[in-house]
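Order of writing sets the chain letters: A, B, C and D. Residues in each chain are counted from 1.
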Amino acid sequence: MNNNLKEEIIRTSGVNVLKCMRCGKCSGTCPSYGEMEYHPHQFVYMVEKGEIDKLMDSPSIYKCLSCFACVERCPRGVEPAKIVEAVRLAATRRQGGNHLTAEEIPCIVDDDTPGQLLVSAFRKYKK
Amino acid sequence: MSMNEFKPKIVAFCCNWCSYAGADLAGTNRLNYPADVKIIRVPCSCRVNPLFILRAFQRGADGVILCGCHPGDCHYTTGNYYARRRMTLLFSMLDYLGIEKERTRVEWVSAAEGAKFATVMNDFVKTVTELGENKRLEDLRCKK
Amino acid sequence: MTFSYYPGCTLKTKAKELDGYARRSAEALGITLDELADWQCCGGVYTTAKDEIATKLSSVRALMSAKKEGNALVTLCSACHNVIKQTKHELDTNDDMNLRASNYMGCNAREAADTEVIHYLEMLRDVVGFDKIKEKVVNPLTGRKIAAYYGCLLLRPGKTMQFDNPENPKIIEDFIRAIGATPVIYPMRNECCGGYITVKDAEAAKKNSTAVHESAAGFGADCIITACPLCRYNLIKAESPIPVIYFTELLAEALGVK
Amino acid sequence: MQKIGVFVCHCGTNIAGTVDVKAVAEALGKEPGVVFSAEYPYMCSEAGQNLIKNAIKDYGLTGIVVCSCSPRMHEATFRKTAAAAGLNSYMVEIANIREQCSWIHKDIKVATEKAIVLGRTAIAKVALNTPLTASSSPVVKRALVIGGGIAGIQTALDIADAGYEVDIVEKEPTIGGKMAQIDKTFPTLDCAACILTPKMVDCAQNEKIHIYSYSEVESVKGFVGNFTVSIKKKARYVDETKCTGCGLCTEKCPMKKTPNLFNLGLDNRSAIYIPFAQAIPKVATIDADYCNMLKNGKCGVCSKVCAAGAIDYKQKDQIIEEKYGAIVVATGFNPIKLDGYDEFAYNESPDVVTSLELERLMNAAGPNGGTLLRPSDKTHPKTIVFVQCVGSRDTTDCGKPYCSKICCMYTAKHAMLIRDKYPDTEVYVFYIDVRTPGKNFDEFYRRAVEEYGVHYIKGMVGKVMPQPDGKLLVRAADLIMNEQVMINADMVVLAAAIEPDKTARPLATMLTASMDTNDFFTEAHPKLRPVESPTAGIFLSGVCQGPKDIPETVAQASAAAAKVIGLLAKDKLLSNPCVAHSDENLCNGCSSCERVCPYGAISYVDKEFRMPDRTTKIRRVASVNAAVCQGCGACTVACPSGAMDLSGFSNKQIMAEVDAICR
């Protein structure tokens, strides 16, 4: 239980995790579900429980596509994607927390790679 | 008197059918609002004579709020419409006399809106507290 | 009609055709697109965190210069549209964001939110009108079965984007009808292509994109259209059996300005 | 000089916990006019009331103030107490130091101070109270039931059984409501029609019951015991008194492509129709939107084939005015529109249906004659997925924040019936919680799982994706397995939330009955007066008050009937004596009061007045009809000369209250 981190996540995400009624619709709709160790509904619950460290150390935070399907379909207006974003930011803001470096780019880029892809990836994975 | 200690005197007129019941519901749900608000029960918001409000300010009230049923939901069909019209006139006259518009208010609170009642009262008390003491209409002869 | 126009970085490089066809079509439809002089990259994705201000400033600047021009701002790339529209919404609703953005910019940032942001498709629907487009079509794409691919950025979050029904949109379908083709409705049209994850996990992105083009092809589409360069890239990388092109290309073709 | 007694209640610790009741009693004892002051743990108890009675007698009290809970709770109690001790019951005032003091404040000092102010305000008021006597008005011995579903039917039957006349107003061409559309009922699985239609027939045959079908309430005037209601009989273009219900016209009508609303549009009917075989009244109705004769003046087939000559294309809406002593609201519910839930593909695929549509699809009188077939291709579905809570417990704009209460049980019923009739069909139910409180309810749900092998999965469906082969791919969460599941289904059934019927809101305005934010009617007390509206003479029956199943609806319907019977059994009602009265010496006859009175209670009379010089003069003055006046007080403020005043809430009394608060 890490209360400081919990408060930080709640503040930066602007999400009220207590509104969650545990229906699991976010996880029922998540396109990245299969890639994740912790799933959207667990993100919400684990933030409520203060288990932020586990989330920050999990690769799940890099699997969210920010597609907002969970936000759109949540019947309680919880916005799980914003939680994932806040946890990921907390992780990448740590020293050495970057998930993507400029050195990796040449191996990724091909002739058609849109600039948009690299810009967004850096914004998501690097601080 | 410093601002911190200032406790406004606030008179709330509540109609028996909606707003008084809404105030009761706020109590039943244990929703806090400042003790500065004292409620007078009237059968309908249209029972509130402008004279009552003038009297309150004369006797040193710092704010007066009138609560009735939502438009269209008046127990007596049209009473709240009368009240709304009368208060619009009265409040603009009071404003002219130097009683700030923020010291007077009309709100619609239904019997089911306990939470709204508490929110409205908290907000009103905050507004009036920020305005400070009302001296404009106070009749000093009424003071002991 | 004149609009300020925000092309975005990719439209200047890998997605020149998205931009070029859009400009030519607009001209044919009597719309002037006035490119903002000093636009900067939107950042590609909107950061939802409340304490991220700097990443949103380029959008604030774009909104501000459109306001100075006195025009509504037209966007074309789904990502730019999403970022700028969400930034506008944040300025409109979040005092803290306003204050901090104003401090960065040295002006009242809220004013930027006065600028109306419309996507090129919304411009076609609401300003030009699909009926009008139908009249201007010289080369109707009769018989073509086209799948509209919305992806996520245009539609969500629905309350902020106000673009269309996020679960059952019809704007691109109406567009397809206007240019004489037949729209193909398929359930994956508003699901994510995999987005930026392709950088770190190409397989995962491929899984998503494959589901999209399989669904479209399964319902008999002979082509997929999109407004997003990244969606197009991902779908093509996932070996879509049917072509994936920008919607502006079809528009230009139908208007005879390709 | 008044002699006032003050009684401070502890209400256990409800008041005494945050208010120093001893200090309050002591402080109020010093107020002018107060000759007795006491506190007691429960003032409403018999001992507490005796304390009041004795004090009234011992001290010769002329007025009492009870500092206790809300007057809405116990004002009537203490008025009776006073009357029992020989004090006029309107010489009682309540200071609300519970709901409006002890329950909202935490600080004892603050709450005590406020309680004292509230107490002295009541004292200031009671000092100016005058004894009032209630007048009485007669009761019209007839009741109106609005809505002819199972709730309205049961209420009407019970009222009629007690010997009173009762009218049912039903907006559809037949009574029966939603229950008539349901196939089987839980938890016993008996057929809905088999238990409902006999009751419908009872209604039709009961001499005391009159059914206004295809009718709506236009306006309501009056008050408890004496309502005047205008009922609009919509033109059905068929003379009800002549039509025999033979159905020949419906067979011969050429407009066969009219959506069958009774089957929720799942099949078609003719433009002239009888909703279903057991309809009451069994009379044909013409759907004016589809009838060629009414639209274009061409056709007239039904008129030609009708041996009874009942068809009347020129029929007009008709307004009927009736008087009633009591009104029961039984307007019922509808499933919500699912336009906000396109992730479930309801608008996209005909094989995604609501639970009510499934009832029709499974019903022997439904579109498939009782065989469950997919609407799209009429094949037998092998895999069916049920989605619970579609729009219920949903705080977004398109949903309802409440639990619709009936869905868990009817879904278990559907699942069980399908598994029973088609054992080769796999049934999945996605649930958030299974809520089955009720007699034999949980056992019923468990039977679905344990005996019928229904797959219950805890989790919500995220998306339903129609596939090119006509299947429906369902993506959902299984929260217990912690995995995302994909099910290739043939049909998806959505348990849509229920909401009050759209006619309820305008009706509530007409009745001046209050509603909550979800448009359910508010009851007079959530626990103790569940079938009465706060507006006297208006009673609530069925789902219009909140979601409920059939057994609960019937229980509430009978309870409402009992309340109505209790009212109609009285010959006279004591009316509220807190009514307006005019000081004739001050009245200048300007008519301001007459114009604002919503009840027409004020009239003008010419009256002879003796002038100071011993001459007489005839002046026009206002006169209030106390039986009609409801005591709103609008006239008191409108009166420019201050002649009009309201008993019980007089200008002086309210001024005194203002003074006491501001002191």
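Please note the rule applied: a residue touches a chain if its C-beta (ideal position, glycine included) is under 8 Å from a C-beta of that chain, and two chains touch if they have at least 3 such contacts.
Small disclaimer: the values here were computed from a predicted structure and weren't measured.
Between B-D and C-D, more C-beta contact pairs are found at B-D. The distance from the centre of subunit B to the centre of subunit D, with each centre set as the mean of the Cα atoms, comes to 30 Å. Centre to centre, using the average C-alpha position, subunit B and subunit C are separated by 51 Å. Mean C-alpha positions place subunit A and subunit B at a centre distance of 48 Å. Across the assembly, subunit A contributes residues 34, 69, 72 that each touch 2 or more other chains. In subunit C, 167, 191 are the positions where the chain touches two or more neighbouring chains simultaneously.
Touching two or more other chains at once is no residue of subunit B.
According to the touch criterion at the top of this document, the contacting chain pairs are A-C, A-D, B-D, C-D.
Partner subunit C is touched in their complex by these residues of subunit A: 11-14, 31-32, 34-35, 62-63, 65-69, 71-72, 79, 81-82, 85-86, 89, 99-100, 104, 108, 112-121, 123-125.
Those residues of subunit B that touch subunit D in the complex are listed here as 9, 11, 17-18, 20-21, 23-28, 30-33, 35, 38-44, 46-52, 55-56, 59-61, 69, 72-79, 82, 86, 110-113, 118. Those residues of subunit C whose C-beta lies close enough to touch subunit A in the complex are 8-10, 13-15, 41, 43-45, 47-52, 55, 77, 79, 152, 155-158, 166-167, 191-192, 194-201, 204, 207-208, 229-230, 233, 236-237. On subunit A, the positions that touch subunit D within their shared complex are 19, 21-30, 33-34, 39, 41-42, 69, 72-77.
Only residues 165, 167-168, 185, 187-188, 191, 215, 218-220 of subunit C touch subunit D when the two sit together in their complex.
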